[in-house]
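Okay, so here's the structure we're looking at.
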């Protein structure tokens, strides 16, 4: 059928990719980042760190885009697999990413379940919440790349605008004296916080995979850099708001600073007595975007790269089952945070290894092809 | 498409067995205010010595009566108070649950009133911990300290309002800005920040003379989080001037020998300058205000010439400085607690020095006591209401 | 699954000839015999015997009511009887044909060499003339219609805008569109559908604006239909839509020729079917369900505000009851204190959970609405009054529901009427119950789950291969100016869905 041909030929436009990048990155960071920074740095200078690491991430994104321009229409795994040796590296990386994405989905589901358990449904079993969540994300991934990307586009503007509206509502409560003195302890705390902030930008790895669905001349860095800028600004405002309202010492002990910020809000006109249930549901959309995208990539990796010879619809349910079991391996919020840290390390290593391997391969292949051309001419 | 059906079926399954959290609005006991009091007789207490039981009184709304009262009828009060005691808050709440059909519901809690005895002995941090920790509680709950038994305070009902809990909240909302005699009742969230930052601070007091009245303040000492003293209305007025909290208060200014006039503030702003001389912190507080000449007890108020206005302004400045110095003196030499948050200036302007004295700011031989604090005021009388008397 | 559906339809499409295996003859009696055989036992077929030029016998058949009897007598029979020419008695076919053609005062005269080509026009009201010695069937355009006049459409009432609406007659409807677009590129392709009913239908589009592949797709899908009768355009709609299971309409219907013309101008395809005033517009996107042509007739501020109102109406119609349930049964902390206390007081005697309460009232509302539609208009109003005033008030007094619930239900009802497309408000009503169920089980979490599920469904949905959620996703920045807000016409110069039209600029 014609309509189905159109569907398979779906190509992500650059603006859609930029929005999806925002959707993928904004997740748990919004909720916990200020506390992590306060604990790690022991100063209120977290906002500088966020800007700095935003710059770093922009650099990463720029490199990824440049690399992707070399092999449009394919992802880096397919590109690597073209070589003899690269085939094995590609399999290895695919497996590493598969594990990573599976763990991301589990981590986020667990995190979400805990938040919902605390603030929305204290009595409802966590298993039920996670089950519903995974069912929903399975339904989402059945719509393919186009579905995932379009979902991102549908939800991200809502989430972003609500987040900024909340911060604007907070402005009367600001006590900027809390933020001073700036950089009283010098640069060392900034470096301490750098790791935390880099973690909150994890999600850029989707570029490796989703940019394979873009047209060659659509692969541009600038819009993607803009979205990193928007995220940096969001983090920046959240950190400023948290420290300006709670001060350093209080932020250290609040588990979810952003939710407590929302608790502070006094809606003009008093339509709602408290808005954190609304905020959590809106934030749920953003978390769902991240979960669905990671789930989709795990599923695709499993089907296309790791086990392409297994046909039939069994792989998806099996993956979901693994995620479900994995979700309940962590027992408490403290354990979950440890798991999250391990996971972030894995993600960061994955990204860096990928960039290195791909650049080396590219360099090697161009070097090999160039002399051959020269020889022919000679 | 098959997937959609499966998802729908699963959702149906999930929903059919669901409803774990469902509780109808009319099955809740809306708790609007909590009063914490010490327990007087300790004989029937079998607990270990360090933990003393205290009693909590919960004010629970009776929505049905409230609706009737709105209709014009209404016999009884639209609320009832229920008291229970134990050594922890949560246990007390559970004790109540055993005695009442409805679960206490704290999401609409408006105010917590604490008897002063309780925080003179025990730490405020622990008494309020549950209210800070639990997700049901809002950060905007007002906390007040009372000299009288707190449970008496919350059984008092203001004439126009139905619920004491709500009326306590409303006193804050409408009045704290126009008088210097009360400080704005602190919110639970703010108190939490003070406690976590080991700061000294004030909590508004509430007294019951003939009627309920928010007045005075209790001083909470940082770190220990215990109450160390009580400020009266005059002290509080100086405090308000220094921190610039109430924007529209009034000051009674004595003028020349027997005169008196009212200076009504329109804007208030205080600026603190810090510098370190001879290893001693020097603070200079400038209280800038604008306002009007609102009420005259002077024979011929000199409002018509610049000189006269200047005189009035100087008188007002003197009065403001006097009030401010009075409270500063009290805090420095009697209570040794920096409730004005002057330490922040040290931290911002002189961070290295602050690092060395950080743990030793408040207290009897703390740096705050040794600090040299001067106050000056700038008053500008913008207008003098009616009776302009241009001719005379 | 969809493929299966279409494959089933695709099995056999066009009905070829060879239905009536009778050959023509030039013997008049034989011809009449075979025709009568085909017509069977129907009594409404009139057989008129007469003599051409008083010598040559001829028979004329027509269907009473479908054909204009006066015109037949005046323009066909009389002239033929009075032919003076001798040529009529010659044996040459050509000469006879010419003579007949010259004398008949009609514009449509066809000569058919077989029965198949002749029977269908005859069944739609043309008359058949059989002449002795001529092995041809002469088809005469004598169709007459019993038309209702062109009236204002009942289902889409506008304050400002043309008052005409489509009627049950296809040619009239085509005329209504042609009158609005006098462009030779306006292409009207007629066809017949239904194995037995042989309904006329027309595919209408503007060449040069509409994407050719889209027209091809529409034609293909319609050709796949193999059904005995086509009762209404709704039948076609259901047989050619992309997703049969979706609650959302993927093809828009309208009774208004101005709306149809505007859609044509946007590169959409119109399908008109004889026998119904409802035309089909395809492909559509989600946001078009909230558009009314009146938005463009009023000034842009009015149009924009009304659009926003409609979107909020859709939000209320979809979410309000479930939000009520979630707040009353789960998140009581969200309600302002004084309101919470008064709701709690009002609900004091209500024995049911909020879900049952809401379900009860919503079902009552649906019942009232359905009863009101079916009853004669005068009685229908009584139902509304009885339902709205008496039942609502009594339910509150009896303590079955609380007054706030009545407000919620009333608001929902009003909001669902504010949406221009009738079938969309039904969609929202269906989804409302789904949301209420989830809200009753999980509170706000359930609502957001449902919202996400609906969104997933929407991004997967297509209307003739076009993304249903466009221009929100995929982003079409230019088209966004004509969605929630309608920008001034001077700014908004592109056609809707401009990426898919061959000529995207509407105004220079």
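Things worth noting here:
So that you can tell them apart, the chains are marked A, B and C in the order they are listed, and the count of residues begins at 1 in each.
In the analysis below, a residue touches a chain if its C-beta (ideal position, glycine included) is under 8 Å from a C-beta of that chain, and two chains touch if they have at least 3 such contacts.
Keep in mind that what you see is a predicted model, and the values were worked out from it rather than measured.
Taken together, the touching pairs cover every possible pairing of the chains. Chain-level centrality, scored on Cα centres against the all-protein Cα centre, points to A. By number of C-beta pairs in contact, B-C leads when B-C and A-B are compared.
Comparing mean CA positions across the assembly, the chain most remote from subunit A is C. With centres taken as mean Cα positions, subunit B sits 42 Å from subunit A.
Note: centroid distance subunit B to subunit C, computed from Cα atoms, is 67 Å. Shared interface positions of subunit A, i.e. residues touching 2 or more other chains, are given as 120-121, 124, 132, 136, 139, 142, 273-274.
Within subunit C, residues 2, 330, 333, 335, 337, 340, 442-443, 449, 453 each touch two or more of the remaining chains. Touching two or more other chains at once are residues 4, 7, 11, 14, 18, 21, 107-108, 138 of subunit B. Every residue of subunit A that touches subunit B in the complex is listed here, in rising order: 118-125, 128, 131-132, 135-136, 138-139, 142, 177, 180-181, 184, 246-250, 252-253, 260, 263-264, 266, 273-274.
Taken together, the subunit B residues at the contact with subunit A in this complex read 3-4, 7, 10-11, 14, 18, 20-21, 107-108, 135, 138-140, 189, 192-193, 196-198, 344, 347-349, 351.
By the touch criterion stated above, subunit B contacts subunit C in their complex at residues 1-2, 4, 7, 11, 14-16, 18-19, 21-26, 28, 30, 32, 61, 63-67, 70, 105, 107-108, 110, 136, 138, 163, 166. Here subunit C touches subunit A in the complex through residues 2-3, 6, 213, 216-217, 220, 242, 330-331, 333-337, 340, 442-445, 447-449, 451-453, 455-456, 458-460, 462, 464-465, 467, 469, 472-475, going by the rule given at the top.
Within the complex formed with subunit B, the subunit C residues making contact are 1-2, 243, 245, 328-330, 332-333, 335, 337-338, 340-348, 350, 353-354, 437-438, 440-443, 446, 449, 453, 457.
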